[in-house]
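Note that chain A is present in both complexes that follow, paired respectively with chain B and with chain C.
Moving on to the complex of A and B:
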């Protein structure tokens, strides 16, 4: 803990803490509401310090839990420096609460003392009413600037879509050739390496996966479909920075699968005027930033997961604390975990049985695959914040990650999550397909087939589970794939 | 709202809201105004796409935009009534493009609710102002009917020929995928001689014909053998790009031989973007 002597209430100090960055930089600046002497108000100020809107807690009906959520978000963002501006306005209780929050988060506390009164007491290095019993060092503004420099400016990413040439509409069997024919050579040299690298990555993944077909009937297994969707989502297509890059990657993956007699088809018709732009993952830095303004950690994490998987929260209740990596980078649902019965969908469950078992199975397999769900770096704080909230609630490894707020042990969280996601999505202007009603389950593009919600179907992708691969005669020869040397850039 | 309504224009286009939504890549609820929210609550992009696809003025979708748009509105519900020859010519050209068959001046006048002299004057104006038709040009179909067809002075003969020969970029369906795989795996005699038996399967001939028309496969020694085109081989990484380089007249540098990719030290896809 440091007490920064700002007796002159220097404007440069305000300028410096404005430049210190925000929670994403590991710093939180807490500005106490002038005149408020109670701890609750300081809790709302803490939420503002971790990038929540001033009225967020009231809007989400969690005003009484501001410290709990504030603490969780400090942990989620891994805040390592908490700065309290005009700390001389704090009461002893407020200062004690803030210091405890910083200590629990493992953050260094910086108190900017904006008056000459009461800075040093007898026998104490800092303001005695604030730092009672805690070691504190009084430093000058200059030392403060040196010890806590301004955050580096955020890296600006160029608009990468502009860097790409228009790509041909040819299907995968002739896509690369169409690029070669109709693009200038320098632009083809941009497309081809990505195409070959992605195809080779697909080769490697398929080799690692092993047998994708059921030996009894030759069909591709549901587990393979789920694993492929996960790989496309987290490694092959989802992380692509723009639509054209995603399209090149998709065509390469299709070609690599095809020579193993696996047909992954893309139907871009229902995807709108720029279908390739719908291919990359939905959990973008912009969306993650918008979700980080949510106070409820479960709402933020569930909405992020829903957008990432393109699923509703039907199976989110099966997640356990131990499934989520401590740094929020991955979520692993063991494939052996029992798929919950769903009323009206699962045969034998309560309610009128509806014809959706296959789509439901696909959704479940995309979630409970052999490989974990990889969370983009921009969104990991959302998951670690909720992990911290659950840990603070006393939950341990096998407890549910998403819990019902009033009856964690007795009630499933699904309905509660559904409402929280709806409210969050409405607030940030996010239109998740599953939020539309039952009348939207049938579309002109798919006739009377029920529209399931899955990562593949949201992108117009369809894996033919049955088909040519069941016939061994139709499996083409596979040698080492050919790649022109001039594309690799290798010396001859 | 003074122009045509959304529902009316949807009906004119012969589309359902679902189809329009799919075409535009937006949810059908964003197309219609009868799902609780007025159109003003829709994302701007949805309004733009609807207006663009249905040829609607944005103010016809959202009347509140009317005072904000500086462009002149086109009255769509009533006859312009004026004798502006250019406006009449544009009307005639649009009518001819809409009609399923060539029309005479009399038929045009009757369809548009005009006097015959006005229709004739409009046809003359269209002939005198060929730019009005944009990519379409007015054509006389003997003896006295008129239609519009694409202009001939924009594309080169080679471009026109290439367009005529284009069979479309249709995506592979399951049957075609099966035939293409068979062509790769067993299309030629030395690959086992199974192809004639495969050809006897139901639906095979149609899929094979479609692939041949698209240029993905071809036969040189009779129907019992098929070969895969060089473009497909290249795209599936069975061959290099020599054949395209030759067609494009590119002179390959002396050391540009095809090679197998080095397995070690490959760059990850991310590094290419």
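Moving on to the complex of A and C:
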């Protein structure tokens, strides 16, 4: 903990802390509300310091949990420096609470002491009323500037979509040939390496995976479909920076799969005017940034996971704390984990049972695949923040990652999560496909574009389970040929 | 132009050095979104100069004029004696939104709303009679001004004791980007200035004007405005359009015998 001697209340100090960056830079600047002497208000200030809107806690009905969530977000963003402006105005309780939060997050605390009173004096090694028992080093503003320099300006990424030429609409067997035929040399030189690299990666992944077919009937296994969806989502197509790049990768994967008699078909028709733009993953840096303004960590993490998987929260309750990597980079649902019964859907569960929906089956397969769900780097803080919140609540590795807020042990979190995701999505303007019923699969409200209930179907992708020529969708059965009646001689 | 004190007809604006500097200082503050102080004894023309500069600013931003691309919205506030932090926040919110602040809002949400309002359009907040502010109020304004999201320039205008009050706060000492003290008129310059000020002084004897300055004006424009208002009436009664020693004597009698 450092106490920065700012007795002159230098304007340069304010400009410096304004340039120190935010939680994304590992720093949080806490600006106490003037005149507020209570701990609760400072908790709201802490939420503002971790980039939450001032009214967020009240809107999400968690005003009384500001310190808990603020603490979790400090851990989620891996904040390593917490700066408190006008620290000399804090009460002992406020200062102690802030220092404890910084200590739990492992952050260095910088107290900007804006007055000459109480900082130095006989027998006074630092602020007398602050953070009793903690060693505090008093440093000058100059040392403060040296030890905690301003954050570097954010790097502006070029718009990568502009760098891509319009790609031919040919299907995968002739895609590369069409590119060679229609694109100039330099543009083809951009497409070809990506195509070949992706095809090689697909070959390697298929080699690693092993046998995709059931030896008994020769059909692709459900596990393979789930694993393929995960690989496409997290490694092959989902991370593509733009639609054209994703299209090139998709065509390469399709070709690589086809060599092994696996048909991954793509139906771009229902995807709207720019179908390739629907291929990359949904959990973009923009979406992660918008979700990071949510105060409730479970709402942010669940919405991020829902957008990433394109699933509703039906199976999110199966996740355990131990399934989530400590850095939020991956989520692994063990294959041995039992699939939860769903009322009205799972045979044997309570309620009117009609039929096991294919969408539900596919959702579970994609979630409980052999490989972990990889979380994009931009969204990992959302998951680590909720992990920190659950750990702070006393949960251990086998406790559910998403828990009911009032009865974690007794009630499932699904319904609560569904409401939280809906509210969060509405607030940030996110249209999650699963929130629409089956009757509006092609909702006219968003431009007649498709809404599927799995990552593959959202993108118009479909894996033919029985191989080419056998799948009734790919090759519809022909009707029974019949001769015209004038040939058969039957009476008309 | 803003109204002269006592709404004196026929008076012109005196382009004193302080008057001209006020416009420049306000321009500088807006350009840098910085803090400035205009202070001086009562009656030296501070408020008039600031109002005139603000009117020029509004005129330049009016529809149909070639206004600068980044327009500035001006908000002028004056508080009663010993305002509280809550009152300052309420008044500021009312001035910015046109509606009274809800009493149910607590301090945190009120300040958050102010931060939000002050983060859009570039603004100039003018606080008149700034000597009435106490440390808490200045702390609040400082909090809003230093917030990285807000974009407003701040001008404190105050009378006697203003600079003493503001300079006591170290938070302001390092933040004052422009400071303009208004002082009394220089005695030798008074005759020339007053001849430009009002037609009743055109061609008036220099000695007479200096005598009025010594007896009543005391270098204060407000005193001169009061004297001129009475003198214009007396000249009308006496059937003259220029001030004379006799008229001046009658005005002294009307204004308490010239005792200031």
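FYI, the second predicted complex is superposed on the first by the 445 of 492 C-alpha atoms of A that agree within 3 Å, B and C clash if a C-alpha of one lies under 4 Å from a C-alpha of the other, contacts with A are read in each partner's own complex, and residues count from 1 in each chain.
Here, contacts are C-beta pairs under 8 Å (C-beta built on N, C-alpha and C of every residue); 3 or more make two chains touch, one makes a residue touch a chain.
Keep in mind that this is a model prediction, so the values were computed, not measured.
K.L.:
Which of the two partners, first being chain B and second being chain C, lies in contact with A:198: first, second, both, or neither?
P.N.:
After superposition on chain A, A:198 lies in contact with chain B alone.
K.L.:
For A:282, select first, second, both or neither according to whether it touches chain B, chain C, the two together, or no partner.
P.N.:
In the superposed model, A:282 contacts neither chain B nor chain C.
K.L.:
In the superposed arrangement, which partner chain does A:54 touch: chain B (first), chain C (second), both, or neither?
P.N.:
Only chain C; A:54 stays clear of chain B.
K.L.:
A:41 contacts which: chain B (first), chain C (second), both, neither?
P.N.:
A:41: touches chain C, not chain B.
K.L.:
Which of the two partners, first being chain B and second being chain C, lies in contact with A:318: first, second, both, or neither?
P.N.:
In the superposition, A:318 contacts neither chain B nor chain C.
K.L.:
Just to be sure I read the superposition right, which of the two partners does A:8 touch: chain B = first, chain C = second, or both, or neither?
P.N.:
Only chain C is touched by A:8; chain B is not.
K.L.:
Which partner does A:294 reach: the first (chain B), the second (chain C), both, or neither?
P.N.:
Neither chain B nor chain C is touched by A:294.
K.L.:
Considering only the defined contacts, which chain A positions touch chain B in the complex?
P.N.:
Residues 160, 168-178, 180-181, 185, 190, 193-194, 196-201, 236, 239-242, 245, 249, 251, 255, 258-259, 261, 263, 265-267, 269-275, 278, 429, 431, 433, 436, 440, 443-445, 464, 467-468, 473-477, 479-486, 488, 490, 492.
K.L.:
Taking the complex as given, what residues does chain C use to touch chain A?
P.N.:
The contact residues of chain C facing chain A are 85, 106-109, 111-112, 115-116, 136, 139-140, 142-143, 146-148, 170-171, 173-175.
K.L.:
For the complex, which residues does chain A have touching chain C?
P.N.:
The touching residues are 7-12, 14, 18, 31, 33-36, 41, 44-45, 48, 54-55, 58, 85-86, 89, 114-116.
K.L.:
Please give the residue numbers of chain B that touch chain A in the complex, ascending.
P.N.:
That would be residues 16, 18-19, 21-30, 43, 49, 169-174, 177-178, 180-182, 184-186, 192, 194, 198, 216, 229-232, 234-241, 244, 247-248, 250, 252-253, 255-262, 266-273 of chain B.
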